[in-house]
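Some structures to go through are shown next.
Each of the next two complexes has subunit A plus one more chain, namely subunit B in the first and subunit C in the second.
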Partner chain A sequence: MKIVAVTACPTGIAHTYMAAARLEKIAKNFGHEIKVETQGAMGIENRLTENDIRQAHIAIFAVDIEVEERERFNGVKVIQVPLQEALKNPENIFSKLQH
Partner chain B sequence: MIELLKSLRQHLLTGVSFAIPFIACGGILIAAAIAFAPMTPTGPDFTQAPRLRLVLDIGTAALTLMLPVLAGYISYSVAGKPGLLPGFLGGYLSGQVKAGFLGAMLAGLVAGYVVQGLKKVPVSKYLRPIMPILVIPIVSGAFIGVLMIKVLGVPIALLMQNVSRGLVSMSTGNNIVLALILGAMIAFDMGGPVNKTAFFFGAAMIREGNYQIMGACAAAICTPPLGMGLATLIRKRLWSNEEREAGLAAIAMGLIGITEGAIPFAASDPIRVIPSIVIGSAVASAIAMAAQVGDHAPHGGPIVLPVVDHRVAYVLAILAGTVLTASLVVLLKTRNNKVAARKTEAA
Partner chain C sequence: MTQEVSTSLQFVFSCPLSSGLHARPASHLAEVVNQFASDCTLTNLRNGLMANGKSVLGIIAADIRYSDQCAVRVSGEDEHSAHAALRQFVAEALPLCDVPLAVSAAPIRSNTPPRPLKAAGVSCSFGVPVSRGIAHGKVVIVSRMTLPSSLSTPNKTDSQKELDHIKDAVAAVRRRIGEKLKYSITPAGTAVLQADLAMASDVFLVEKLTEQVLRGKSAGQAVVETGEFFIDLLRHSDNEYVRERSSDIEEICLQLLEEIYGASPGSAPVALHEPSVVVAETLAPQQLLELDRRWLKALVLEYSGSTSHAAILARSLGIPTLVGVRNARLVLPPGSEVVVDANRGLVVSYSLAAVRRFYGREQQTLQRRRELWSRQTEKPAITLDGQRIDVAANASSVEELVIAFENGADGIGLFRTEMIFLGREYPPSEEEQFAIYAEAARTAGGRPVVIRTIDIGGDKRVPYLNLPPEENPFLGYRGARIYAEHHQLLQSQLRAILRASALGQVQIMAPMISSLEEIVQFKDAIIQAKQHLIRNGMPFQPDLKVGIMVEVPSVAFILDQLCSEVDFFSIGTNDLSQYFFAADRNNSKVNELFSVRHPSFLRFLKQIVDQIRLAGKWVGMCGEMAADIRNLPLLVGLGLREISVPAVEVREYKRTVSRLYASDCGVMVERSIASAKVLEVDGLLGQQPLQAAQPLLARELILLGSTSKNKEEVIQEMVDAFYVASRTEDRHLLEEALWAREAVYSTGLGYGFATPHCKTDAVAADSICVLRLREPINWDSIDGERVRMVVLLALRNSEVANNHMQVFSTLARKLMNEDFRQHLLEVETADEATTYLAAQLGTAMTGER
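Up next is the complex of A and B:
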């Protein structure tokens, strides 16, 4: 399925990007199509477009802080997990999606 | 080019939308404090009213924060999170060097685009993490600091001095011309350096026993917010909900002589709003001068009526300036909307 995701941590210089890389890798293993937006200290990068979000079946927020511009995701099913989850057990997140 | 202007406008509007609550809170609290304090020849008197003084201080703090917030979120709109630091810094310094809200708007845009540029500098993967927490804040902060203090602040201070001297030498000449200039200056940047120069000149003249210069300034001080407020009432369609609310707040601020009430409008559409308020204020000022209106307090707007000579003429001058400002801005906005509509039809 098509997935969009947002990663964000308080400092926004390391974990945000590590989590994004993890999610991309594991999603591919599960055969999903994913695009991950990072909301780090540089601000929003790899921004999800309106189109990306509309076409997505689900949005994953792997965040420890508030998601910026959350209103963009109105009307999309959102799963929110702590950022650690995306680093340590990303498989869990995706296996939950199967049901 | 048009795309660039459009995105500039969008960034300015983002900043304005964050700054509006600060203007409303600061402006209204200051206005309320002044409204209830006794008006004396040295301005509103707070020595016997500690509670009003408190309200005034809170309002002043909110209005002081307005400049950093305005610049900070303009810069944020351009460059995202890393834009906040130089934006806030530039806005704060704009207040320090008395560059007012025009200085803050400039600071916000420059800060944003500087950060935008810095983000594009290619760096090795290992240095990348320190870019947003160390390199970008320090470099952009230092840049905007030098710009505001050295490049903008020094000439502004010089200019204010020279203009003050020019005004003094003009005060022996044609009073109506002087009033037109003073009125235009009062409206031009609403509390910024140009406004303050005219205001301090009027206030200094009170001490010399010349009340008419301040009388002319006093009429000009309130017509920008009153005129913009009136414009939002007579042509509701031209304005967003946010602007209509700002319009009501502007009227309240105008009545108490707080020119800053017009800033939300001027910041979101300077090209049409600033000329309208400048002309309205200049005319109000000239009418007050022609009718020899005198103001014994270094403050403006209808609130100073008790210490004004020739009160009827003062009120008429304010009404004339207010109606003129409102008509001009409605005219310009309507015309612009029609042109825009025609363009979209053509496309």
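Up next is the complex of A and C:
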């Protein structure tokens, strides 16, 4: 499955990147292809292109704040979870996708 | 012989001071009146109260408020000059008399205990710190001295005898204060005693005492009733400062009683036998001075005045002091052990285990910070190729001098004295100046202090100098040029400086010297001052060094002659460059012509430095050019071996010197003076490797083996590490920024790791701090596991866009990697940890080896 994801936390110093690293790792374990955009203190990094989003089966938002440029994801199925979920139980997020 | 008929002279003025004619302006007014023999009466036309102009207390008692009309009448043999002087004083000086007292009260913190104490449920009392520090001891309550309400004294026998008693007592009290003045070691203490002396000598006080006796009172009763009269008068003032003087008059009266009866009828002096915290409603200076300094550890006062004499004295003696502590005498039981934290502004029982633990750790933190600080600042500044550069500081006050030495200054390259002369109606006395210079010399502890004699010109208003306003004061009558006319003024300053030279390594420097004659005259004046001191048996350093400011270009062409007259030179670039370019720095139309980095000016400086060094004399720089750290490579390259810089920047200069090669700097200066324009010089300077930013990692920020017991203590310990490393000066702000983030949700990320973080300018540099716990603690982690490893990230708010964020995000991602976490859990030393992190994150590190 092709997945795109966005991570964002209040200060954008630590958790945004920890969650990104975690999602990338667990997605691989599940055999998914994933690209994670981080919206932290350095702004948007590893930006999801129009193409990335169009090809994705699903978008995961692991965020504590508003996603920037959210309109890019119009027409894509989105699962939104608190960022902590991506650190605590990332497996849960992906196992839900199986169904 | 004609009989001189005394006709009184009179004028009316309206009080220009918003807080009325209170103690300080009243004392200035009385000072003027007392210079004349004539009598002077002040009448407040609003309430009809009259006062003797020679009495400070009398003037205060007339209750002269803002815009009250006052009649001044003078009569006597010198009434014309007295009248003229008073009119001038009222018109010119009086409106300026209300400058607020300098009070260095610390900022008041919100009244919350430190986090670890709050977590332990400890409650504290809060107050305003007026003298910093932390100390603990047993509570000793000192009751305030009060005048007895009635005296069981025999009825008076003979009013003449009682009057004699009073006269003797007043004289004895004045002697007593005079004696203390001789041994006063701080300017603040001297000022307090001088105020007391003025009050004890007040004519109105003596008048009231006499009046009471003549009404049939005994000497003792007269003192009590006179005291009550004045206390009542002062206590009802709208002005806090005046109200505080009521305790001074009370103290004077108590001393009078003591003289009359041989012992104080007030409270007996309190004897201290062990480390003590003295708690009182308020404390008279006399009471404070009587306490045993060996055991007096801290002061806690309920009274909230920060200008009280007790507060001023406590500060000058360095006793941690809190004022405005509500109900202190009720909540702090006598004999109980308490800690006074006059840094945070709280007092708390020392018998609680949590408090002992907190302050034990605090003591260690302060100790470590002091050690690291002095290790870093005491080191001389040496370039990478071994050239030592003395980094001295400029100072205008003893306070600034203290800051300079705390920052590791090798000396004071320029002690300005203008502040002592400005903003007053009369020149400072020799004693007043001596007290300041002596404290400067003592504080310097053997390091040189170059005191520059008064440098004032027509751009400053100094009533007693009568300097005429000038078209162009910078080319006019100023600096050493006024010395011939103001001979006495210079003499008293030179005597004060010479006397201070017996106490430390003091040197004298003359400003605005432009010719050989001037320095010869200046040296003659020093000889004259020395002779005066010899005649009076006062000690001074006979071979005290004399130098000049190099700030007039003409000096550059007679250096050979000057070198045989003076011991040292200090280049003042502010004026030198202005005169050199004939361009006013403050004139925007011409200030582009002006740059201390212009090749022509650099050539000029090089000539000066080379010539002086060739003659074997010492040359330094104290001007603005030295105050800009970007110029440092030029100064080193010019061959200057001493520079004098702003006090707070000494440390930064020393650090920067140690990152330079003197030889490179020399080459750069050669290339600079061969350049055509400032831009080229700036370009060359830009290529010099100057300050590297503080790196993210430092050994002092790696804390392996922490014994903290909870989250509060861990965060406290890490914040303390920032403080020890001088990466924060505001621990409270940093701590609260971290807790604000914890409040969103816990940063316990699982696997036994937590990553508290914040963005705040409370940190001096972006930093990573690592702490490993001996015993894991609860952090409300998402996996419920206890935390063993804490990685703290602090980013400055102002520079979010910098590249450190890249390192932080790398670190955050790495923390998701099990191998990385395992490695951190197993590192053995701080060195190993920094090396590992630096390699993993691709960043530099620093720290004390």
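As a working rule, the second predicted complex is superposed on the first by the 99 of 99 C-alpha atoms of A that agree within 3 Å, B and C clash if a C-alpha of one lies under 4 Å from a C-alpha of the other, contacts with A are read in each partner's own complex, and residues count from 1 in each chain.
Throughout what follows, a contact is a pair of C-beta atoms (placed from the backbone, for glycine too) under 8 Å apart; a residue touches a chain by one contact, two chains touch by 3 or more.
In this text, all values refer to a predicted model and were calculated from it rather than measured experimentally.
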Fit or clash between subunit C and subunit B when superposed on subunit A: clash
Partner chain in contact with A:44 - subunit B first, subunit C second, else both or neither: first
Touched partner set for A:13, first subunit B, second subunit C, both or neither: both
Per-residue touch tally on subunit A - higher for subunit B or for subunit C: C
Which of subunit B and subunit C A:70 touches, first, second, both or neither: neither
Subunit B versus subunit C as contact partner of A:22, first or second or both or neither: second
First (subunit B), second (subunit C), both or neither touched by A:57: neither
Touched partner set for A:87, first subunit B, second subunit C, both or neither: second
Colliding stretch - subunit C into subunit B, listed as 27-35, 351-359, 405-413 or 801-809: 801-809
Touching both subunit B and subunit C, residues of subunit A: 11, 13-14, 40-42
In the complex with subunit C, residue positions of subunit A that touch it: 10-11, 13-18, 20-22, 25, 38, 40-42, 45, 64, 84, 87-88
Of all residues in subunit C, those that touch subunit A in their complex: 741, 744-745, 747, 749-750, 755, 757-759, 782-783, 793, 795, 800-801, 805-806, 808-810, 812-817
Residue ranges of subunit A in contact with subunit B within the complex: 11-14, 39-44
Residue ranges of subunit B touching subunit A (in the complex, touch as defined): 79-83, 119, 129-133
